[in-house]
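For reference, the structures are reproduced in the following blocks.
Shared between the two complexes below is subunit A, which has subunit B as its partner in the first and subunit C in the second.
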Partner chain A sequence: MMPGQVDVGFGSHGHMEAMRQMDPAMHMEGDKRAEHVQRVFESLGLDCEIQRFGSSNSVDKGLRGNNVHGVLRAPRSDAVEALVIAASWETKNGTNANAVRLLAGLAKYAAEQVYWAKDLVFLVTDSGERGTEEWLRAYHGEGGMLQVRSGLIQAALALDLPPAHSYGGISLHFEGRSGQLPNLDFLNIIKHVARQERLPAVVHALPDMPRSSSIMEKYLRSARLLLRQVRAQAVGSTVGVHAPFLRYGIDALTVVGMERADGRASNLVSVGRTVEATLRSLNNLLERFHQSFFFYLLSSDKKFISIGNYVPAVAMLAAALLFHAMHLWWFQGPDSARSETPGDRIARINTYHQFLRSSLPGSAASFVRVHVMGAILFAVPFVVPKVVLTDSTATGYVFTMFVASVTLILHLADSMWSPHMVSDWRQLKALAAVYVAWVVACLSVMNFSLAIAVFVVAGMPLIFTRFKDKPSRAHRACAVAMLVAFSPAVVLSAARYLLDCEMADLSRSLFRLFLKDYSFFGSAVYPLICLVYWPVNMLCMVIAMMP
Partner chain B sequence: MAAESETRKKVEGFFDKDDHTNNWAVLVCTSRFWFNYRHIANTMSMYRTVKRMGIPDSHIILMLADDVACNPRNSYPATVFDHPRKTTDLYGDNVEVDYRGYEVTVENFIRLLTGRVSADTPRNKRLLTDAKSNVFIYMTGHGGEDFLKFQDSEEINSYDIANAFEQMWEKQRYREILFVIDTCQANTMFSKFYSPNILSIGSSAKGENSYSYFHDYDLGVSVIDRFTYYNLEFFEKVDMASKKTMEDLVSVYNVSLLRSHPGVRTDLFGRRLADTYLTDFFGSVQNIELTAEAFPIGQPESL
Partner chain C sequence: MTADTLEQVVRESSKQSPKRSKQELANALVETLARGAATNTGGKPEASSSSSSSSLPKQRHSEGARLMRVLALGFALRFAILAFSPDFVSRHLAARVELSTPATSYKRLIEGLHLAAQGISPFDGGLFHQSPLLLILFRVPFGWLPRICSDLLFIAADVLVALMLAKIAAKKTTLPGFASRPLVPGETVFRCSPSVVAMLYLFNPLTLATCLARSTIVFSHLATVSVLYFGVSDKPDLAVALAAVATHLSLYPAVLVAPLALMAGGMLFQPEARSRSSSLAAGAVLALCKFAACFAAIHFLFVLLYGSNYFSATFEFTLQATDLQPNVGLFWYFFIEIFDEFRQFFIAVFQLTALAFTVPISWRFRDDPLFGSVMLVGVVSALKSYPSWGDLSLFLGLIPIYEELAKYMQYTFLSANLLLYGLGLAPVFWHLWIEQGSGNANFFYAATLVYVFGQITLLFDLGSAQLRRQLDIEHPETRERTVVQE
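Coming up: the complex of A and B.
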């Protein structure tokens, strides 16, 4: 990739002039703004198109937007490969006009060069990730094809520059909606070229530690960095404009400008030069990224943990649940089934089978019941009109608690009305543990962080739910209190304060946010909450209440 | 009769002299891709040098695995430079590439050396050497211990080349070979040779890398390797009339400048380096013997 081995040329008077051409657009809205961007791009020699889109989805009806993109054709190459530089007018940092201006300057600069081996696509969207997703769909021919197209997109770089005159550094955000990651090489390239521009590049906006800081401070910073990554990977709701690209297998990341008033700060040109050097390096890419890691966790800006080192951790979590399940399964049923006296082996086996025959249907019924409840919760937003199910935070939770109570009552009624039914909490707990272990193991190969999160909210409470055959009232009360604390309602409320909540979307309930992520970006969090996490939580309550 | 036999003796003596009558050069760049610009530049520089020293295009087999001159990433289209100063365009307007792109394979290379080409191969893709040919073989690319990578997909090993040379010797396809290779661990590549009259020079010892020399910040790539650069620096000062010997060439190799230990293998070579003129391999200088009396050509009877 040869990063940083060329002289950069961005920053001439002409480039600044092109950036100023974009200025009138800042005071415009909607279609007029898009048309202005198109005019600027066309004056720079780009093939342009405006994509107007509107949502027909029941979850967010009425959202409309415009995407403008301009394609700079590689002068001496076939148009089979492309790089995308994207910016959204609105981001969670407020207006992103600086990035759009920079895009115009970069387009001007790029049009002057002869060495592009790939087309460059400059994309300006006015509704963030939604816009990018709509654009990518159209680019790949889903629901109407774009007229102005280029080749296969190999990498995408999104710019997010909050309004400022100077930037003290850049921050890299790279997680996708479902924990997808760009190749580690991409990050390394940007870090390398940014350093040459004296623009320190950090990950997830976590400021670098001074060299003199103690080992403990460095360790804490690493821990925070890892937690931020795990959070972003697991939840996938606070990512940037680059995220939709990753779903299409395109390596992408967002560069966020970090304001710094004190000390040495760089102006927009340094950011532009960093992007230029990055593009120049990406221009050397052959076919696609393949050299470096696709699965990693960064423990500092320069160090990473490879998948081979972190996956065993989650495998051990799943294994712990499985061993727990085996132990419970062995001790289930009446004591007579485990009698050690020699000679009554046949009787023992008979007792055991008798027990299994009469208890398994009950356990299976509990399993099915909680999942049906989960499925109802899952389906409600798609069936019930939006007006009924308002955006209020409480709706989802109230609804959740209501259904939860219904289930519990149903179950208790069950055991009262059919006294001949044999049941054993150990059996149910063993089955639930196997179930959670299975989900965690499956998730771990797709999204390590989400697997960890599922284990923490569903697996861990399950382990601590019940140990004794005849727990006291106090024990039961404690267990239920713990389960309520780990229930989706409480966890989602608490998580709101842990996530970056500056984004307009996040002021609403997380439940609705995940619902939107699922309905539009295909994020797995919402189905997991409805179909795994919440049913397991209810199952735990049942286990705690069982005789 | 006595005069006739003396004439015959003279004639035979002239042709019997164990000297070469023709020179050939096989210049091979085995690397693809833009970032291997320097390997193409190495080979093109050598091409320019042997041509300047007098070997005609018809006696040069140039194998280039990629075409950086026309690569879209080249900010100076249709040129190849070996120096950031960009004074000499190696691509020029008179370049004859005999094997290009995917034609540069291990199979084609060995077929070329051993002459086992198919009947429909054009003359420019054949090595039409004989027992009086001095052959200069230059190779560059990415290599390792006992192998040289071709095209990022296959490799030739040192045994392959050794056996190909032996076959050439058996088929009287050369008189002497100068084998020069610029790659990592280059000296391992000639360690397996066993045929006579081969002089080998490599850029680095086993376990060593061969490094690039100039980096061009316009092009964004390195443009030449150290070993080739220092060879060329020497050659730029000589021409086809030069009486410089191989000894002179080998003595300019400076380990601290090359950052590797170049290797010279002389045990198979019949002559002393100090007696071997550079032009024996790099120039196309024919032996001209001046006799005191006129030498009649034609029917012996007319004497």
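Coming up: the complex of A and C.
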């Protein structure tokens, strides 16, 4: 794709003029703003359309907005492939006017060129990821087709430029909602061309270490970088405007401008030239990106860990649970089932199977019941009227369900104590461990970070839940306290401090955020919490309290 | 367990919290059923002389009632899902390649029915590959009745399969061939009661998903278990006729003819006749001839109705594995990769792998042709050309009939885990490959390999469990010795 092999031409007086045409839109709102953007795009020679969308979903009420997109038809081909450059008016940095202005300038520039083999789609959306998702649905024909269309979208680039005169570098954000990643080559192209513009590109806004720093400092930076990626990939919320594209199998990332105080930095034009060079490189892309580089973790800006190197780690986590389960499974049942004398063999086997027969239905029933509880937790938010569901009611709902699940746990553990019930904590723990290992292993190939997260919150407490046959009361109390600390209600309340600065606001509910992510973007976090994490946590408590 | 306790369960769970859904109520019921069954059959240690068929009439009655409840619950659950959330079914289940193959897909059935209704032969295009029997069966419900009626046919077939399984399980304890058979001395006989067998089939998520996806494999299953049921109830003619029907539905049940011939030869019903090999041979040959005659009769009927090209569209299609749409079997990937000049050779090799076990397995387990059939169902489910999860569900449904083998099985943990991972990874890899575009075909095929390997492990384990149990029966003195290797 020959990144950086061409002379970039963006930055002439005409382009600046086009950027200034966008300025009045900054002080407008709603429909008027969209119409202004459309006028500007049309004056530059693009095919334009405004998409007005309103939310009909029960989770998010009354969200409305406009998407404007303009298509620059490629002079050298027949509209089968397209590249998207997107910007949202509102981002978490406040207004994103610089990006919209840059879009106009780039459109002006691109319209002057003759070498485009792919259509360029310039998209300006009102409401961030939500708007992008609506636009993508309409583009792909779900719920009302767009009139002005182009071909298959091959790659998308989202711009997020905070209001500033100069940028000291760009930061790349690339994780999708369900842990999808864009191809590594796409990231490498941007890094390469940005370096030529003297605009250092870093990942996740983590500043680069000077060359003189010690190994320890470099190592710590790598660790922090990995942690940020794992966090973003596992949770998949508030990552950037590019996130919805990835769900449609389109490689996408967000370029965020990093502000810099001293005057030695580059201005908007060099960001534009970087984008231009990236687009020209993508223009050369013949088919798809190579399939080998969709799974990776970046340990520094120039190094990556491929799937072959990190999957063994998570496989070992699952294997640990499996071996634990195997050990427990062998040693379940009454002691008389494990005598070593050969003469007792038949009696021993009979006792063991008698035990299995009478205890397995009970264990299976506990499994089913906690999952039914999880299913109720999962389903209720989709049934209640949409006005009810706010951040505070969501928090209340989580804690109510927590109390409800405690009563179910007590009921289950209590029924295990009854003399008619044959049960063994080893069996239940072994089954739970097999189950968690299965979930972690299956998730790890799709979303490594989420698998790790599930292991940390569900698998680790499970391992430490119980070791002894007859634990003392203190042991049981400690185990239950630990499980409460790792319970979804507590973890969801505490995790906001780990996630993002804006989530640290106490009034926000992570549960509701995940619910929204699930219903709009198909993120897997919400079903996992309700259908795996919550039931497993309940099972652990039952195990801790069983005879 | 009596109806009183059941009612108590119902009352308790409705009392405990109003929030509890119907489904949980059902779960409580099922669980109580299972517990009742376990205590009912497991508890009594039996000497080798007394067989377990001597249960009290009162107990048998409650067993029947329990079976009816299980079937009714299974029916209600399926009906509720199909009637109230067809969206869920069509979005998440109907198009899954793991559930419906080109040879069993409901969509293609509808297509074929449309074509047939327009007077065009559905077998002319390359689309419809299911038996003309299904066209006849669905003609009325599809043409004149609302859509839910054809859904009801699928549900009814699935529930009937469960009923047949329960009847086979009940039959097995009373058959002369089983009842007069010596047991292992000092053994506690564990027998799954029929209602539990039915429950384990009906509430298996794989069965549920297959039925909801309306895969026509359900009808093939029904024919297959009917063959086994009539085989063990000493109605060989009916069984042979049904085997011909099952063969027309999905080809592979043809392998059941071998154990069926042994049953017809009297292996189950006149155990004393085992020595008389001439009567066995005569019975077996006669059964084979009857099978061929039935098969030919149905064939000619179909030729009259739909023309002779139905044969290449169904049988040849299955044998040649013409459609290489991915599924959970071994064929598709291999035949995408293979060069055309080797194709015929490897088709022969692969199909022989699936079919060649028929005679050896039947003969090795000739003392118990029913067990031979269970093994063959497992072999077919692992090695056929268009397998789906539904095939596994029938095999898993048949295993509880042989619960006495459970304590001889050594690799349950391994095979259960392999199957779990095979089942879990397939949709994940499918998502990565087809929807996400970041994986490729190798991913999905790897999951398939794990799945098939799990089935083979289970088969192997089951077969060796049966052989070791027979060894224990024949040479009980070997059991209490320690093996010392020097």
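Before moving on, here are some points about what is shown:
Note that in this section the second predicted complex is superposed on the first by the 510 of 547 C-alpha atoms of A that agree within 3 Å, B and C clash if a C-alpha of one lies under 4 Å from a C-alpha of the other, contacts with A are read in each partner's own complex, and residues count from 1 in each chain.
Definition applied: contacts are C-beta pairs under 8 Å (C-beta built on N, C-alpha and C of every residue); 3 or more make two chains touch, one makes a residue touch a chain.
Here the structure is a predicted model, which is why all the values come from computation and not from measurement.
More residues of subunit A are touched by C (comparison of subunit B with subunit C).
After overlaying the two complexes on the shared chain, residue contacts for A:280 are found with subunit B alone; subunit C is out of touch.
Of the two partner chains placed by superposition, only subunit B is touched by A:6; subunit C is not. In the superposed model, A:294 lies in contact with subunit C only, and not with subunit B. Once the two complexes are overlaid on the shared chain, A:223 sits clear of subunit B and of subunit C alike. In the superposed pair of complexes, A:316 makes contact with neither subunit B nor subunit C.
With both structures placed on the common chain, the touch criterion links A:75 to subunit B but leaves subunit C unconnected. Contact with subunit C, but none with subunit B, is seen for A:446 once the two complexes are overlaid on the shared chain. In the superposed model, A:116 makes contact with subunit B only, not with subunit C. Subunit C contributes residues 16-17, 19, 21, 23-24, 27-28, 31, 34-35, 38-39, 42-43, 45, 184, 186-188, 190, 406-407, 413, 416-417, 420-421, 424-425, 428-429, 431-432, 435-440, 443, 479-482 to its touches with subunit A in the complex. Residues 2, 5-7, 74-77, 113-117, 280, 283-284, 286 of subunit A are the ones that touch subunit B when the two sit in their complex. Partner subunit A is touched in their complex by these residues of subunit B: 33-35, 70-75, 77, 215, 217-221. Against subunit C, in their complex, subunit A makes its touches with residues 180-181, 249, 288, 291, 294-295, 322, 326, 329, 342-343, 345-347, 349-350, 352-354, 356-358, 360-362, 364-365, 368-369, 372, 375-376, 404, 411, 434, 438-439, 441-443, 445-446.
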